[in-house]
Amino acid sequence: MSDTHAESVAFVRKTEIPPAPPPVTETGAIKWVRENLFSGPFNTIMTLLGLYVVYWLLSGVIPWILNGTWEGSSIRDCREIIGDTGGGCFAVLGERWNQLLFGFEYPSELYWRPTLAFILLFVTVPQVLFISLPRKLLILTGLYPFLAYWLIWGGSILIPFFALVGLVLGYAAFTRAERINFAAGLAAFVVAAVVAWWLGGFLTAAAPNFLALEAVDSRNMGGFMLNLILGIVCVSLSLPLGIVLALGRQSRMPLIKYVCVVFIEFVRGVPLITLLFVANVVLAYFLPPGTNFDLILRVIIMITLFASAYIAEVIRGGLAALPKGQYEAADSLGLDYAQAMRLIILPQALKISIPGIVNVAVGLFKDTTLVSIISMFDLVGMIRGPILSSTDWVGVYWELWAAACVLFFVVCYGISQYSQWLERQLQTDHR
Amino acid sequence: MNKSVFFGALAFTGLAAAGASAATLEDVQARGTLNCGVTTGVPGFAEPDADGVWQGFDVAVCRAVAAAVLGDPNAVEFVPTTGKTRFTSLASGEIDMLARNTTWTFSRDTDLKFDFTGVNYYDGQGFMVPADLGVSSATELDGATVCIQTGTTTELNLADYFRVNDMSYEPVPIETGAEAVQQFLAGACDVYTTDRSALAAQRAGFENPDDYTILPEVVSKEPLGPLVRHGDSEWFDIVKWTLYALIAAEEYGVTQENVEQLASEATDNPEVNRLLGTEGELGAMIGLNQTWAKDAIAAVGNYGEIFSTNIGEETAIGLARGLNAQYTDGGLIYAPPFR
Amino acid sequence: MTASDLQGADQGFRIGQLINDTRYRSITFQVITLILLVLGIGYLISNLLANLADLGQDLSYDFLAAPSGYDINQQPIPYDSQSTHLRATIVGALNTLIVAFLACVTATVLGVIAGVLRLSKNWIISKLMAVYVEAFRNIPVLIWIIIIFTVVANVFPQPRDFRGDDATASPIFGVVAATNRGVYVPRPYFTNGFGLSDEDAIAEVGDDAVAQAAAQGSVIDWLVILAVLIGSLLATRAITRWADRTQEKTGKRPTTWWMSLAAWILPITIVCWIMGLSWEIPELRGFNFQGGLLMRGSLIALWLALSIYTGAFIAENVRAGILAISKGQTEAAAALGLRPGRIMNLVILPQALRVIIPPLISQYLNITKNSSLAIAVGYMDLTATLGGITLNQTGRAIESILLLMLFYLTISLLISFFMNIYNNSVRLKER
């Protein structure tokens, strides 16, 4: 067979031909560009349009940044330096940076205190966020709110100390009394904490200067610090409240259920700004004559109530998503309501609700800018009020707003990225 | 103190449990600081400087009261208020007095239950236009777009003025003075209207102040003055007479410079002696020490000095005394006798 | 209490049963809650009354009948400074509804487009959309509103730039004038409609405004137009149904696009011709453009900011909705021979809608609530009239804010009510 062929055919290939490389248009970058950018007339048009938008954005922003100046002490200096190159006057950020961050009334020699509190946040938060770290470190996290309060507001360390002692004693009483039942534990907690605070009040009054930092009035808080304080405090306070409301809404007791429903729907139905108006102008009417909270506390109360309604709805979603079997299993083990919730239901429901809670938290943090409307000088309030009205910087707005955008974007984007990471970490079901 | 510790611990946040009871003087003395409501920023009248220290004409009144009551002009907590919040802040006791170029009107004095302690600036609402608009009188403003700051008497005056003169206009209400100016400079409105003093103050901050003119019409009476809550006559007297002490000091030639010397021993002028406490018991009559007026004048100067350092013709704001001259110079500023 | 006592007497009732016996426990808790609730509310009300008595004030809505004394620039219904506060309130409420409606429509369009494009295979387009979504989701809406307001005021030309021979700006197509005070567009009116004979409106606003009232046309004209459009809509649906039936019977689908087009265009053209549709072109007279329809800078800023901001959220909802449809659906549709466009329209979107609608409802609610930020740019919505100037001028804080909250609450509840009905109707009937 082979012989005949060998004679009739001039050449026979003995080896396999190596595969030819694919055409240039079907490989590498070119293929990618063809498939992804120019796969059809519509796609081509969209690509060109997209490229034009990118060019338009960059052509506006890049000269503005590159030709901008960080020198000068007023808009007039800036104008001289920049000329007509279209650069930005970033000098305002340099000169007013501390005001943007801390507001204009926080004593400048004390800036290290909120800064330290902010840095400590990063030391204490990872224990909550990254599950792999040792659990013991959570004690640090528990101490943090008191330490941060002392650092930011100043005053005697006895105030936050006794607040902490009250909580710790309360918890100890709770664990003792809980053996009877949950309600008794709760009552013991309240009694122990109040007694500790009451006694602590005398001690603090006796030694008001014990380890005291210079006190700063909360009225003097401002700038981005105020946004962060409001955001962090209100979210942390609204979480427990939201859980209680969500459980209340699921309750089989009609009265409790309807109280929760009315509260949640009312708060979700009105804009935050009206609640801030309440904090600002109406709340004082409902307090006993003669008392007067300061504005920041009134605002914290209202924002916390606002956030807790939204968090309650998120957690309700988590509770509803749990299979009924979980509730039944808890019942069949003979757990009472408090135990079932604490040990079985809430850990799972909260895990499901994490993305929703983070969304609420980010939204809430952004909404803290609304306090500028009720004459508080947060970041937006600082820009709209003192900085833009100062004669030195009249007419410098793009730079200031850009700075505000960057600050908010970094924080919010960071939080949302983190929540996505956490979601993946906590994913225990195998899909 | 117990209460404040308890609440503070409870909420993990600062809480100043301050009383808004009838005895404001006692509260202020117990607290050690005066809570004084001011604007969120009008150059020359009340504005924090780059170091965050409040400066201005209204601020000086606060400092004078603090000096008279507490002996320390820096023992003042300045509470920025907007047009919306100023009255509720005062009514709720958050602030002890309001020095925020607030117009003295009948309804504010009676219906809103406040007491105006006098007038520290006689103002009137005016209009500012770009010079190249070619307008020389407010009567030519038919059809114009007008920027106003909301929450003030200004918008009511404006509506009345255009209505009486049978003209139409397009109001552009803006929340803060700074933003109203920004809109005006960008040409988003033809006219900017507010009190003439504020117009002058803000024009001074423009890049080219000469490109803008303030029209001659004064469309309203705006007597601006500090106010306190209704029903606390002792506190009312203190704020009122501190203001008059500043005014009287100018009349008698007592200045920040010579006040120490004049107060060291009795002078020939019995009125000055009574004012500065070297004669008579005026301080005790209003529940303060004998040097209350001296402290106030030493802290901020007399009325004329306050005027000229903050808003006078030598400053960038450049306001003439006009109606705010002493009655001896043909103005309306007049203090009742100190005796 | 007496009932349980009697019952207890029979069965040896002990006090402890109130806590420990599940039969009574819920009643005990509810009674305690009720008592606490009543005490709490009573406490607040007694404080309120004491405070009001101290200040010599009372609660009354009489101020609503008094003349308001201020002017409002955007008036959906006739209004001047002699009108009552009640009328100012209504004008504000209508303005809120106008901007909320406009923003809902544009936000939906924007969100759907951005959400679909973000899943596009085109790399540039999908990245651009990702940048858009992240930038707007992570920066507070208040900042966006102020930025867009600043852009409008500083980028668009002033009206006087349109004046004279050396005008630096000219109206787009000679009819649309984009100034920094707002955009003037031609206003349609009917020379032959029912509007000119509407004497009530003329009588109400007085002689001065006769021309204005007449030019404003009558509501009836627009109702006629609306009726015609609804008729056209019904007609096109009838045509589609007829085409469906024909297809089912004969297997062939008749060509219907020209019928639908005619059903839309012919009736409206005829009606407009009969009623004498004309356009009022804005002209530069005096300080401003006169005539035409003015969309003020504040409306544009609020409208754009709300729709772009909310659009970013809707885009995420749309994306999640599309991703929630399993890939098998796309593959099955492709196997049936459907083109990509039809797969999206006929298979994916209808199913995705079920996932998209519920979050869409809450986005609409958010728009309505966020429209209260109008106060930051001076758009005269309800918060600016009732909650702003009226509150300031009358000092009736409690009454005004209560009314304000009730309004938003009503709107929110109405929107969620109607959307829930729709939501139920499209829900997959599952067992």
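Letters A, B and C name the chains as they come in the text, with residue numbers starting at 1 for each one.
The rule is simple: a residue touches a chain if its C-beta (ideal position, glycine included) is under 8 Å from a C-beta of that chain, and two chains touch if they have at least 3 such contacts.
If you want to know which protein each chain is, UniProt gives these names: A = YhdY protein; B = AapJ protein; C = GlnM_2 protein.
Worth saying up front: this structure is predicted, and the values here are computed from it rather than measured.
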item: B-C against A-B, pair bridged by the larger set of C-beta contacts; value: A-B
item: Chain located farthest away, centre of subunit A (YhdY protein) as origin (C-alpha); value: B
item: Subunit A (YhdY protein) and subunit C (GlnM_2 protein), separation of their C-alpha mean positions in angstrom; value: 28
item: Centre-to-centre distance between subunit C (GlnM_2 protein) and subunit B (AapJ protein) (centres being mean Cα positions), rounded to whole Å; value: 42
item: Interchain centroid distance [CA atoms averaged], subunit A (YhdY protein)/subunit B (AapJ protein), Å; value: 40
item: Touching two or more other chains - residues of subunit B (AapJ protein); value: 84, 88, 91, 175, 182
item: Residues within subunit C (GlnM_2 protein) bordering two or more other chains; value: 150, 375-376, 391, 397
item: Per-residue overlap in subunit A (YhdY protein), given as positions that touch at least 2 other chains; value: 281, 284-285, 289, 373, 384, 397
item: Touching residues (chain side subunit C (GlnM_2 protein), partner subunit B (AapJ protein)) in the complex; value: 55-57, 69-73, 80-82, 150, 152-154, 158, 160, 180-181, 285-288, 290, 296-298, 375-376, 378, 380, 384, 388-389, 391-393, 395, 397
item: Residue ranges of subunit A (YhdY protein) in contact with subunit C (GlnM_2 protein) within the complex; value: 35-37, 39, 43, 46-47, 50-51, 53-54, 181, 183, 252-256, 259, 265-266, 268-274, 277-278, 281-282, 284-289, 362, 366-367, 369-370, 372-373, 380, 384, 397-398, 401, 404-405, 408-409, 412-413, 416
item: Subunit B (AapJ protein) residues within the subunit A (YhdY protein) interface of the complex; value: 1-3, 5-6, 8-21, 40-43, 47-48, 50-52, 77-82, 84-85, 88, 91-94, 175-179, 181-182, 185, 204-207, 316
item: Subunit A (YhdY protein) residues touching subunit B (AapJ protein) - in the complex, by the definition given at the top; value: 75-76, 95-96, 99, 103-106, 108, 145-146, 149, 153, 155, 159-160, 162-163, 166, 197-198, 200-202, 204-205, 208, 217-219, 233, 280-281, 284-285, 289-297, 300, 373-375, 377, 384-386, 388-392, 394-395, 397
item: Residues of subunit C (GlnM_2 protein) that touch subunit A (YhdY protein) when the two form their complex; value: 19-20, 26, 29-30, 33-34, 37, 44, 47-48, 50-52, 54, 117, 120-125, 128, 134-135, 137-143, 146-147, 150, 365, 369-370, 372-373, 375-376, 383, 387, 391, 397-398, 401, 404-405, 408-409, 412-413
